[in-house]
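First the structure, which I've put down as structure tokens, then a few questions once you've had a look.
Residue numbering begins at 1 within each chain, and the chains themselves are lettered A, B, C, D, E, F, G and H in the order written.
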Amino acid sequence: MKNAADTLEALEIAYDARIISAHRTPERMMNFAKGARAEGFKVIIAGAGGAAHLPGMTASMTTLPVFGVPVQSKTMSGQDSLLSIVQMPAGIPVGTLAIGKAGAVNAALLAAAVLALSDEEIADRLDEWRERQSAAVAEYPMDDQ
Amino acid sequence: MKNAADTLEALEIAYDARIISAHRTPERMMNFAKGARAEGFKVIIAGAGGAAHLPGMTASMTTLPVFGVPVQSKTMSGQDSLLSIVQMPAGIPVGTLAIGKAGAVNAALLAAAVLALSDEEIADRLDEWRERQSAAVAEYPMDDQ
Amino acid sequence: MKNAADTLEALEIAYDARIISAHRTPERMMNFAKGARAEGFKVIIAGAGGAAHLPGMTASMTTLPVFGVPVQSKTMSGQDSLLSIVQMPAGIPVGTLAIGKAGAVNAALLAAAVLALSDEEIADRLDEWRERQSAAVAEYPMDDQ
Amino acid sequence: MKNAADTLEALEIAYDARIISAHRTPERMMNFAKGARAEGFKVIIAGAGGAAHLPGMTASMTTLPVFGVPVQSKTMSGQDSLLSIVQMPAGIPVGTLAIGKAGAVNAALLAAAVLALSDEEIADRLDEWRERQSAAVAEYPMDDQ
Amino acid sequence: MKNAADTLEALEIAYDARIISAHRTPERMMNFAKGARAEGFKVIIAGAGGAAHLPGMTASMTTLPVFGVPVQSKTMSGQDSLLSIVQMPAGIPVGTLAIGKAGAVNAALLAAAVLALSDEEIADRLDEWRERQSAAVAEYPMDDQ
Amino acid sequence: MKNAADTLEALEIAYDARIISAHRTPERMMNFAKGARAEGFKVIIAGAGGAAHLPGMTASMTTLPVFGVPVQSKTMSGQDSLLSIVQMPAGIPVGTLAIGKAGAVNAALLAAAVLALSDEEIADRLDEWRERQSAAVAEYPMDDQ
Amino acid sequence: MKNAADTLEALEIAYDARIISAHRTPERMMNFAKGARAEGFKVIIAGAGGAAHLPGMTASMTTLPVFGVPVQSKTMSGQDSLLSIVQMPAGIPVGTLAIGKAGAVNAALLAAAVLALSDEEIADRLDEWRERQSAAVAEYPMDDQ
Amino acid sequence: MKNAADTLEALEIAYDARIISAHRTPERMMNFAKGARAEGFKVIIAGAGGAAHLPGMTASMTTLPVFGVPVQSKTMSGQDSLLSIVQMPAGIPVGTLAIGKAGAVNAALLAAAVLALSDEEIADRLDEWRERQSAAVAEYPMDDQ
């Protein structure tokens, strides 16, 4: 999830990182999820692996947007994480990103896109970030990968 | 889950059936899981489908044995349910049964096996149930399936 | 995708439904994606099946939040749709929902959660919707499913 | 399976570890399974990989609770092991845990939960183990994983 | 498995069809497997579904060739059956055929091929069967399927 | 994709290698795809991984033959890449090759086969390449792999 | 495969449809594949299901472009067909289309794209076909699907 | 496939190892398959990976028993190999073994089991091999794996 934090920092978006385990600290998860809106959170990014219940359970206890990142699990390469997060029943949404590092980066970008709807400065920084990304793609291969 | 109830009834084991949704009624789930031991429950059978969080979340809030039944989901035939239930991290166990009806029957039989450890009458009824099952298998096919 | 529209209507959220095929109408897709922010769109919900390129391609041409719904494909039950939508590379996020009807409903709810961040009335209607949903879950089974 | 043994030792639960192969020592398996209850066993934990038949065949010859651990196989990462263990037909239950090390730890914890139903001391040690586990989760990341 | 029987009859090969469940009648399975060679069996065809243990367990108790047919299971279309049968550990072979009807027909044809090695008449009938099959394929489509 | 370039060079087929990302440089992709026929391209080979949209989107904007190579992705070994490329809807074809290096080589060979239809010299070089390949297969193993 | 024939007819491209089974008529397959170029064929479309060997074996005996269509198999929905066709080793290419009907239509369109490289009339008809397809997509949903 | 050869040698069974590629040397495959019975072969073991056509195509041109070994492929761990070999259509059987080394060993053991039907010495050596295997399994773990 460090990639999510790094991306938020690159976009100069304030965030609060906490360790919460749906299974080992269910109380902590509930307290966080129920209080997140009142604490001033706008968007929640939750990463989890295997039987990954953190994003969905958090989403069940808040109406803030929740984005889930399937961590790459050891035995199933994150396919269990992905299905545990994305296949939510109608009623409780989790916006799910790709497995692993790409998903962590993109969760931060998607959070930025949400915040940018009501914050012109974030919108500008996000636009610049995207333009720099496009400009960084070379036209021709130097040595092909 | 009706198959689990029917099997418990066939074994004359008292049970209490409740509707709990991890995502739609998280409070109800927490209250049930935390209070189950004090209420006198011995074993919990939880069935769920898709991003199936009920068995694992229940297990995170009780030390009673929890058995999970992956319900056959519409789009993925229960493969998402299975992985969401069985791939629990070290520390919080869920004894997982087969997808669908077979799993529901077997969750009841496994609960009976647990209760039979300290209840001779249940042990006897379970033995009889199993013997009747074996005896019901014909020796030769009448019309092959 | 009708389920997404119905849910938005239940939440009294204005929306504009269009038919866009990434493969059959790529020009239409580009024009829409590039112009969506200027047209006043806040959130884009894109449903697609099989080699589902619509959500990701739309996201590559806008910084609005894009939510993708994997349509249940005939031959692979939407597993191809899901992977084609969720496994986006770092840089271009698509918040992906469940395969099929549940995902369509949830895309609308997630869009509502995003809009609710800066619209108290939507926030209130979303809270009510969620409370009605929780309240609608019976305590005990009448006839088990 | 060493993780199962270590966990049982941490909980001070007596156990007997044996090497049994369903395919290479079928006689040994049968003798063990049929005699396990009379020998005084309360719960059986069986780990196996690939076409993993040990848990299910053991369960077919005893009414003791059987918990199965899918060993991570070389070619299929334990997905063959998982399906071979969990997809038992109605009538013969195997409570299945996660693939690999997490499953081995959890098989021991589930066995402890079963024994705790009629042994207050095990119940107390299990509660303590679970509490220590929850307490060991830090509140904030030092360096993110 | 009726397709296996029908194919054996078409090839005029004597066979004995029995109902044996690895899980519900383990004693019957053991008695059959251990005694099969002495009873005069040459080849064993075993069909099973889900956590399909019959072919592998039979093979563990005889050195006769065992051919396994994965029955099409309800929830996983026979993928669980296939992996439970084919992924045997080194030491105990099961020659596995296709899932479902095609596999049942082919198990009979493979048994015939084995018997044909020391029975000229079966060899001739098998050759004829195969030639008729090839000759039955039309050159041009009448109405395409 | 270097393997595709190397194979084209071995067949003395002129090519132009460019870096185009469907998601990071959508404009570049559109300009290339729409102009490729006028620029004199005959065949397009597009490699992509994960939610691989490049081959299909390119095919949606040209009627030149497009061959797609699923790059082996980190988390899913290219299964996401394969499905994202091959499962195109009726109307927009992408001829898909194997995941990874084999697919890259074969995309070049398939392009050569297409060009050979109207270029005798390429046809001859392709025939020679294939004959050398067949001749290079030893009759007996020296040390088995 | 009727969809491939219908599409070729819509594009006024001459074709010859034959029934060839890699497994039931291997001689017919060899004779066809080896003689196809001399017979005047330009492109070969081969559809097959299950352990689908026809496209790859045909490609091994000709240097004509071969396009493979994975037929939707009964037990595995064409996933076996797809992998059997697309995962060819380096050296023998098969351009693989989608599973089922979409793949059959697209095989014809891809063949047309290849032929169009040296046939202006086919090129024009293919362009028209594609334009009609794009034009047929409505702007707004009448009743959502 | 070296494991198959080693196992045959351990059982003192004569064999002939040849390199045949279905795709790179189709002529060699045909000549071998059609002539194998006349050459005196009794059983054919064929190993192949990816789009693995060798076992099935060989089986289509002989009525000798053919056993197939799915080689562990790089990108899909042999799952493509397995499905390409095992999912044969009704009419042409291939007895399929496990993916990789275990399958190679077992193909040799299954061939031995077939030959043992008419060769008492092979039968004895196979029985001894199996007994040694069972005896080699320790009763108790020294250090657990």
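Everything below uses one rule, namely that a contact is a pair of C-beta atoms (placed from the backbone, for glycine too) under 8 Å apart; a residue touches a chain by one contact, two chains touch by 3 or more.
On a predicted model such as this, the values are computed, not experimentally measured, just so you know.
Note on connectivity: the fewest chain-to-chain touch steps from chain A to chain F number 1.
Which listed pair repeats A-F comes down to matching contact pairs by residue number; over half match for E-G among B-D, E-G or D-E. Rounded to a whole number, the gap between the C-alpha centres of chain A and chain E is 50 angstrom. Each chain gets a centre from the mean of its Cα atoms; for chain A and chain C, those two points are 17 Å apart. Averaging C-alpha coordinates per chain places the centre of chain C 34 Å away from that of chain G.
The geometric centre of chain C is 48 Å away from that of chain E, both derived from CA atoms.
Residue numbers of chain B whose C-beta contacts span two or more other chains: 21, 24, 50-51, 75-77, 79, 86-89, 91-92, 94, 98-99, 102, 133.
Each chain pair that touches appears in this list: A-B, A-C, A-D, A-F, B-C, B-D, B-E, C-F, C-G, D-E, D-H, E-G, E-H, F-G, F-H, G-H. Chain A makes touch with chain D in their complex at residues 1-2, 5, 17-19, 21, 24-25, 28, 50-51, 74-77.
Residue ranges of chain E in contact with chain G, taken from their complex: 72, 77-79, 98-100, 102, 133-134, 136-141, 143-145.
Every residue of chain A that touches chain B in the complex is listed here, in rising order: 21-24, 26, 30, 49-53, 56-57, 59-61, 73, 75-76, 79-80, 83-89, 91-92, 94. Residues 3, 42, 63-65, 67, 82, 86-99, 101-102, 105-107, 109-110, 113-114, 116-118, 123, 126-127, 130, 133 of chain C are the ones touching chain A in the complex.
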